[in-house]
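Letters A, B, C and D name the chains as they come in the text, with residue numbers starting at 1 for each one.
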Amino acid sequence: MKKVAIVGASGYSGEELVRLLLKHPEVELTAITSRQNAGQTIGEVFPKFTGHPRSRTLCFTEPTPDLLAKKAEVVFLALPHGVAAEFAVLLLQAGCTVIDLSADFRLKSAAAYQEFYAREHPAPELLKKSVYGLPEVYRPEIKTASLIASPGCYPTSILLPTLPLLRAGLVHPNSLIADSLSGVSGAGRKAEVDYLFCECNESVRPYAVPRHRHLSEIEEQLSLAAGVKVTIQFTPHLIPITRGILTTLYLAPTQHFNDGAAATDFAERVAACYRSAYGQEPFVRLLEDRGLPDTKNVAGTNVIEIAWRIDPRTGRLIVMSAEDNLMKGASGQAVQCMNIRCGFAEPTGLT
Amino acid sequence: MKKVAIVGASGYSGEELVRLLLKHPEVELTAITSRQNAGQTIGEVFPKFTGHPRSRTLCFTEPTPDLLAKKAEVVFLALPHGVAAEFAVLLLQAGCTVIDLSADFRLKSAAAYQEFYAREHPAPELLKKSVYGLPEVYRPEIKTASLIASPGCYPTSILLPTLPLLRAGLVHPNSLIADSLSGVSGAGRKAEVDYLFCECNESVRPYAVPRHRHLSEIEEQLSLAAGVKVTIQFTPHLIPITRGILTTLYLAPTQHFNDGAAATDFAERVAACYRSAYGQEPFVRLLEDRGLPDTKNVAGTNVIEIAWRIDPRTGRLIVMSAEDNLMKGASGQAVQCMNIRCGFAEPTGLT
Amino acid sequence: MKKVAIVGASGYSGEELVRLLLKHPEVELTAITSRQNAGQTIGEVFPKFTGHPRSRTLCFTEPTPDLLAKKAEVVFLALPHGVAAEFAVLLLQAGCTVIDLSADFRLKSAAAYQEFYAREHPAPELLKKSVYGLPEVYRPEIKTASLIASPGCYPTSILLPTLPLLRAGLVHPNSLIADSLSGVSGAGRKAEVDYLFCECNESVRPYAVPRHRHLSEIEEQLSLAAGVKVTIQFTPHLIPITRGILTTLYLAPTQHFNDGAAATDFAERVAACYRSAYGQEPFVRLLEDRGLPDTKNVAGTNVIEIAWRIDPRTGRLIVMSAEDNLMKGASGQAVQCMNIRCGFAEPTGLT
Amino acid sequence: MKKVAIVGASGYSGEELVRLLLKHPEVELTAITSRQNAGQTIGEVFPKFTGHPRSRTLCFTEPTPDLLAKKAEVVFLALPHGVAAEFAVLLLQAGCTVIDLSADFRLKSAAAYQEFYAREHPAPELLKKSVYGLPEVYRPEIKTASLIASPGCYPTSILLPTLPLLRAGLVHPNSLIADSLSGVSGAGRKAEVDYLFCECNESVRPYAVPRHRHLSEIEEQLSLAAGVKVTIQFTPHLIPITRGILTTLYLAPTQHFNDGAAATDFAERVAACYRSAYGQEPFVRLLEDRGLPDTKNVAGTNVIEIAWRIDPRTGRLIVMSAEDNLMKGASGQAVQCMNIRCGFAEPTGLT
């Protein structure tokens, strides 16, 4: 049994990690930390875990890096950006494998970090070392990584549907528009008026237009896939659901459709591209012609649904994805990375 | 035009008062206060008021009692209990009519206040002077009151259906059980984790069992109507809607039903009692046999729906009410009181 | 008092028309029809109207055109497409003014109708006569129209933000992408599994990709404004709110931004364009820099909120709108048209 | 591997059974039936199962009893009442074990069935044979039963909290009041206007007052536990959540509290009674003093949460329970029964 710990286990991603790791057959959850809940058991903090055998024995503790390093081989960081980096440095020095759910190590460029997060990067020397934890793209690198930067929820919903198309040259790199709709858990368990029930219920609203922080990692990854610098249009919206992100992507094919036959041909090339990229992936569900994505079909799972349609009227390719922002968009994907890193079967504890 | 002001206008009840008073044809809203929004216009703080002619001119100010007294003849207090009393004292001295939406002047007994609110009453000498602002019960007193204590949302939903039955001796005074379901706006616009969208969505939970603060005013009013000291069982629950309270009441008739005829006879006495009490009331809707209450039928209105059923199997009377907690349960009722006090037609600005 | 009637008054748009016309000070609602509710009063069918003086006297009747023509000067049709046209023909012959909320008379082209609605147009000769009921665009024509085709909910949310920009040549006509999110009431009061609470709650899903029927009227209107044939990309989504449409539009400016100064200059041209088009409009709220649209700020009102942002990184213009799909998107706008047609002050009964 | 089948697998309970049985390690799901979906795979009907290895091979078939009997040893019936009985008769004759989720075999009395379900019982001879599938009460009988009648969702939420108290004589048998709040999935996947999103959202309403059908099985079981005929007051309400039932029970203790010491003593007797009844139960969570039930803490699980409070002011005992109506209230409990009947560890496939 691999010993694992979670730092910052009282937020929504942290709670989801607790849920996943408690039922994971290959690991033992040896430590969970939370400043505000230190001293309480998981059963006290999260009543839904009361039935678990360890609900009265597993206690939140203060987050002390050297103690954590003694208790765990793999440490998940579910902390705000900036704070996460400090822990990562110490835990890596102590020999732990670190899976960081914050934004601190997702970028290769410290300059981009400073531009989008408005602060100097706290540990720029680690940026080269870190691996972007998108298993469908970086599986070989994840296998040996000591520092895994788990992608953001929006980036996952955008990158998985677009990277194969860019790599195959099927769409113009600078044509991308991503319109994303997120459930409120994406904002975290923060006591802010904006996320009160009465402010979110019967409401839908865009925010952070036109420049959301996640753009930095989205564009870095798109650029790597396209081989040229990519700029993307991205608009996040808040909708009244707890879990889920639905992203609709508007893409310009590199091939023009003069007629229906050409459109059909292109559609087949797109389908072939997706099948080749994801046909064997356990957590990517290609809907082909069987319907369109719906967040309720992926809630509580680590699956991302992807569907696409050619619009012969406009010559555009429309791609839609749905994921659970706390699972494939955060904690589920982090556990998937752990499985790869530790040599467990990839779906272990995730199905 | 009567000049009116609102102290504490940035919470949900305060916002609802702004909405009602801005469109009220007999009053001019001369001042609205809020510490946190001082200096901002109502259009800035509440985008939904942007279209109103005064949205760019009516500004939130700091709550300064002597300034308020100069600007307004009637002042609404939408403040936390304890704080409201301080303002009331000063505004009454300055000659204003005060309509207080807090709990500070709802009780006649300073001892009960101390028992339920865990603090000494800040102005016990005013308790005799204040009138409980339930128009269907205290209309004559409201007409001349200088201090009106607007009832709580739960108490309104419980008292209106039960007081006529108690006064008519149709039910046993100590048999009352009130099971209430409230929308989340009842908790106010407070940045607390418990009221986040993700904590309330897909959730229903009882709270404050068995002793909610509103019991104090409920029991004082029930006792006055019954002529004996009444103790009631009351269980509030939080449900994922923004507005609305649904209360189901379980009552023991003073008459036993030996047969169907007796039950029918009792049902007719109950119906007659309600018709006599509320047949002419503009804001009480007796559903008779036409269906059961539903909060969505009263949302945004000052109406309370009341329905009742005799259960011949158990010999009990079941009474159900639905109201909008921010309207008949708070701000709408406060405006109704103002209309009575100022001699306006009672439904003015409320339909 | 102008006599008005509603045909098909038991759906969501019909119910909203009842609400608006019952409180409208210049009209008398003389007839409401519904096959399924014929014989019942409005109070019986819609408990929320119980308090209205006419709730026990105004009865649903069978929809009989010649009877309607005797009772009303203005008739609103809230019927499925195809059915509406039959009524319109007869009512126009009888001399009524007809305001049709269906899709039957929104298009000038019978061929486009056949293409998108998969049936021959039932009264093509009336297409020339009908006026598209978008007051901000066709106010002069509405003033004298005998047949007003009230726009669809999606089209309203897309056309109002884009038409001024197209007319001013500020954006490329064929660059338009509209990503729309609609509340469930847009699907009507239809007993279909897809719109059950449990199928919509915690769900967000695109539908009718890539070819929704509303494209036909959107493109016809865009083409008229641009002076060239316009094709638009449009993706509707269903989200778990009752009322509201949020549309995010992606537009390509005709001017390139080489630098910040050029971007600022273009932003000012856009702002000037909107102010010129809508600065005096009672139901268009330009948010300028004061925030982004939110459906909860327009729910229950006839207002459309419009905001825009220049993205200097991509060179695109992002425009966002929010409306209540049953008000500005349907019944409110229909009443606005009636006010114009009948010479009432335009906001009468709508504020 | 035990071979199992589900008849009526396209409703909400049926779908939940599919989910549970597909991941159950001791059974093979050999047949699922649905008239409307016959010929389609589970992946086609329920996209969320797409990832399962059998999603493209397991097909819905027409419900043919003799075919089912050949394919399965245990058959779950998720059918409307009346219809279920017909299948049960044939399947039992063919030697299958039948677990029926309808109301057809929950009552011992055919007369009570006729009274509450308004039809003659279709197979009264089987009523003696059937076992009420409440494992915490009838575990020994379930072990050998050939016909298990899975309890209703409301009854489960009421019986588990009350039966131990009645058996121990701690509360008066005829004092029971149950106020229940149910999520909309309890109404089934039926295309009815009442359960549309727009009719349930922002709505809470009582229904079937004062005489819901589930009263029949509740009272039969209560009477068996109390040893006298019990009549209960029961009010169901519909609230806008998908899954969950919250029941608040009002009970009259057989012991009076003259003072705090007596109340404390009674509280301890209640706690001891619950611990004795459920201390070892895998799916009953006694909250003791650790908080109150919340449906979101049991959603997706087979757990029922129970909390209780003594009210020294009224002398009443308040007991509250929360369960997932599709799990402990229906399909989860049915699988729990199957585990007992087949000799599997009771929590198999349910944690």
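Assume a residue touches a chain if its C-beta (ideal position, glycine included) is under 8 Å from a C-beta of that chain, and two chains touch if they have at least 3 such contacts.
Everything numeric in this text was worked out from a predicted model, so none of it was measured.
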**OP:** Could you find the chain whose CA centre sits the greatest distance from that of chain D?
**Re:** C
Original post:
Higher C-beta contact count, B-D or C-D?
Top reply: B-D
Original post:
From the C-alpha centre of chain A to that of chain D, how far is it in Å?
Top reply: 37
Subject >> Centre-of-Cα separation between chain D and chain B, whole angstrom >> reply: 38
**OP:** Averaged over CA atoms, how far is the centre of chain C from the centre of chain D? Could you give it in whole Å?
**Re:** 46
Original post:
chain B: which residues touch two or more other chains?
Top reply: 199, 201-202, 240-242, 294, 296
Original post:
What part of chain C is in contact with chain A in the complex they form?
Top reply: 177, 179, 181, 199, 201-207, 209-211, 231-233, 235, 237, 239-244, 246, 248, 250, 292-296, 299, 309-311, 313-314, 316, 318, 320, 322
Subject >> In the complex with chain B, residue positions of chain C that touch it >> reply: 23, 43-44, 47-48, 50-51, 201-202, 282-283, 285, 287, 290-291, 294, 296-298, 300-301, 303, 305, 351
**OP:** Could you please specify the touching residues of chain D with respect to chain C in the complex?
**Re:** 12, 183-185, 189-193, 195-202, 240-242
